[in-house]
């Protein structure tokens, strides 16, 4: 960290999230973006056309930059392990995009590397920074739900999303870990059994399912439903249909991102913009950075930890296993 | 039937639905209510205070009434079989409340009795008369969904409902058959595998679950989620939270009874009345009677048939079996 | 009326509402449709292709039909007076579409004709049969609002509607009388002052406004806002955006027809069907017929009366006057 | 400004907004809160119990603090002028809560003082920082609406709000300036005629209206409706019911803060939290501070300017005049 307590940061991977990270780093005063890397020259060109930042095709060169404090890993999900291990070796703090990895082995290796080299690790489970979901967590911490009865968590995208990911992961790994982590976070409980079904309609060539649905059982006895899809017909008025229902013996909370808090009709097209994540000036990533900064400064614990993220991945992988075996899977 | 083509009808069972039936019979011109029966004298007294109708403690006496054409069976779910069998023997047409029965054996016996005595049978799956659900059926029949991808059906009530039923049936049998029948009806397909979880919090003394959740698999490969609860905390602004999501490769439909199409605030209490089923002058039962009348007149087939209703019960019972055995159940 | 107490009825005017009336007459058992008339041969041809009914180009011939009990007047708004006067002379009962007329003079003449010949008159203010609006009326009659504070009534359609009416009336006369009548009906009060503004954008060639907005003052001191438009851009997911807000000192009610109680996405087009008026099997017109029948049978008073309808027209005309003079108008 | 480019700031007035300002100042790194003042000792005590900040009963002493760069004026609306004039004399930059004043004379005097002493002035019209309203402004700037047809802006609070303000201002001045400023901001146009009605039910003792409704006419010919109330019955599930409708010839936008994007049920009470302004971690005030900072640094113009705020007040005062005279008022 420099004299002004600025964190010198690098970004590996310039996909959708990587570009978001560049934008946010540039808006924040306590981060200094030293460099970025991506294996695709065109991604580098696109970024450099907008921001005057050092860029490398090989992330190893980025990790050699003097003064670097921390690195954001935003590579494709299946390529998290190598840069994490090398960065840990270089004693860099790690901000890692979710899911922690696509295989449990990789997830464990990442955690071990950070422990071995005693470096900090925080995983980008962004629901922990969405004010609506944070409000549910607060109510949970205050005991307002009583005993948990059941949960329902939906996160459905159109085929546009599924095709963009190109079969690199099942939808329950790619986006389901958001809801799995969230439910384990608010309850302080673990999912101990899952039972899943999957259907493939539009993703046939990609070798992954369109939709994966699952029942969930927590160790407390509470139960849940998880609906994860990227098989919605393209053209719906929302990019993402996310919903949450938390039912307790004493209280209940509902989130519905499709509620028409805002709607637009332009060029003969109706849309319902997502008011927290989808509007200009959205702050959820900045709030995540603020947390990471406090974590680096020793003022807060990581949120989410590598263990949290690994636990969500374990559940997601169990769901994939269940959908393949047509039977319940104990965790 | 009398000279004016009026159907002379009797009603067995004067619970919530039985009283609804009396009210509707009295409003319709092509039905003549000859008599009612209930094992509880106070139920008879309550009805007779409002309507001048013959009433019997023993339904067998009701079934002896001369001129009777048809009988509505609205007894408690587990007591459907005996009156159905006797009515069939008496050559009466049967309008039977859902679920067809609580056990598959009873359901089969009812169907057999109607076949043996060649009498008509129609089961009261009311979603088939809810204009919103009818609109989904129309779109399905027109092929607008393309291939089905996945379904989500929610039907959640507060603990008030669960306690009223007093443990006579699991929630997935009592109210889940609505959604199961509906999904099989619109798809013309069968559910072939289920996997369920259940939780008991408030219904402990009643020996039934608060909430039962399940994955569904159809023979076409389409999948679904079923959420059935009577464990919501009492006092919520809606009596019933029902939702439906139908996702196909070519189109999608959503029903949400909690959308605030109408809301009221009186006596410091906010409510969101259900606009189709909950407002004065609701017509869904009248539409069901009109269908039954046309069925009796030979103008339409039954909707739903005994076989439809039995199939829904078979799925519901498989869900109960799955939740008890913690494993997927093939049907 | 015939021996079965069937009302023999005729329909004058085969536009949108006229065709609705034919359909409903054919579904009801206590009405017998004797004949119809329209000045346009193609409208007659279209109807006769679907229904085997006698039809006349000249409504005077229809009114000569023997056995006719009542006639539905569904001509263009400005042509209500002549057929009403002749039908009254013929001693026929009158069911008249809203607005009663487009000029106050015509409205008064219609009422006078029915009084002079002592015939029955009921005007088709359909909000009185919309279950949501009926629920507001019930709450009003039960005194649940306390003193009225303020009202907001919106009824907005797209330019498609405005162009269809072809400048025959201002939007506040054509559709605004629905809300004006409704507010006067539930309050039992009269609007005594209005102040309006109008804007013309798309209806320039038709000589009418796109949108007319107005403040309302009731004799009780309560106030309101009226928003009436047929200037919404075409293509929105709803045919009509109607909303109502009733605020009282003790309670409040809200209706919002845009709340997504139901939504569809087919052929790349998102819609939110109106669940009461827009779905197949809608009953509001049948309920209106049932009321008219009871009125003819002497069991109920007319709803709405000619005086009610005239009062709504007087307010609508005052709004037009205010928007032209840019000043408040006392009634 | 100090060496780190921190703005040294003082806050005058420790009501609801003043306390919000203290909280936000403490969270931001580029502001340093030097001191606060309020005429009520208990307000000072309450603040000092939470924050270790210098406090004065007399704002004049606060304005003498060495190093002070800027001052936030958050006194009661009618007491804005004196501290503004003195602060301007002291060459301090001014961040002034809306409305600029309750009388036009005061508003003009404030602007003159800032001009005479050449100090900066920005007025806290917070809708300019609400992401939903900002999205409407963006669409407006991009010409997406075509020609404006009509607007509807609602801002309704319960009697709790009205009673808290204790008759210091009419509701259209207190909260209506938000919507008036917003509509003039997005259109770049001025309201040139208003016509209003008011009703007093619960605020009788306070000498102000419960609800004020008004038609609006813009110089472009576009029209609008303004509904401003603090007369809603207390206990509704929302603190504030705000809605916006912008209809243009080419497009439309809707905001509805009552859409159930989130709902909670605890302690037998249902609420619908406002997701932008009402959840923990809300950023709209921080965004306003960021803008003010950039304005002080010469990177941006003020938003809103004193002239903007005065123009909104002029319209609000015209509405009050219209409601008193029962006639349209030209501006």
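Order of writing sets the labels: A, B, C and D. Residues in every chain begin at 1.
The working rule: contacts are C-beta pairs under 8 Å (C-beta built on N, C-alpha and C of every residue); 3 or more make two chains touch, one makes a residue touch a chain.
Computed from a prediction, not measured in an experiment: that's the story for all the values here.
Colleague: Based on which chains touch which, give the shortest step count from subunit A to subunit C.
Modeller: Step count on the best path from subunit A to subunit C: 1.
Colleague: Would you identify the chain whose Cα-based centre sits farthest away from the centre of subunit A?
Modeller: Result for max centroid distance from subunit A is chain C.
Colleague: So which has more C-beta pairs touching, B-D or A-D?
Modeller: Of A-D and B-D, it is A-D that has more C-beta pairs in contact.
Colleague: Indicate the whole-number Å distance between the mean C-alpha point of subunit A and the mean C-alpha point of subunit B.
Modeller: Centres of subunit A and subunit B (C-alpha means) sit 42 Å apart.
Colleague: Taking the mean of the CA coordinates per chain, how far is subunit C from subunit D in Å?
Modeller: Distance between chain centres: 42 Å.
Colleague: Distance from the CA centroid of subunit A to that of subunit D, rounded to the nearest Å?
Modeller: Chain centroid spacing, subunit A to subunit D, equals 37 Å.
Colleague: Report the inter-centroid distance (CA atoms only) between subunit B and subunit D in whole Å.
Modeller: 54
Colleague: Which subunit A residues touch at least two other chains?
Modeller: 233, 236, 250-252, 254, 258-260, 265
Colleague: Which residues of subunit B touch subunit D in their complex?
Modeller: For this pair, the touching residues of subunit B are 233, 235-237, 258-260, 265, 268, 270.
Colleague: Tell me, which parts of subunit D touch subunit A in their complex?
Modeller: Listed in rising order, the residues are 29-30, 131-132, 134-135, 138-139, 144, 250-257, 259-267, 273, 275-276, 279-283, 287.
Colleague: Please name which positions on subunit B make contact with subunit A in the complex.
Modeller: Residue list for subunit B touching subunit A: 147, 149-150, 152, 154, 156, 193, 195-199, 201-202, 210-211, 213-217, 221-225, 227, 229, 231-233, 236, 247-252, 254, 258-259, 326-328.
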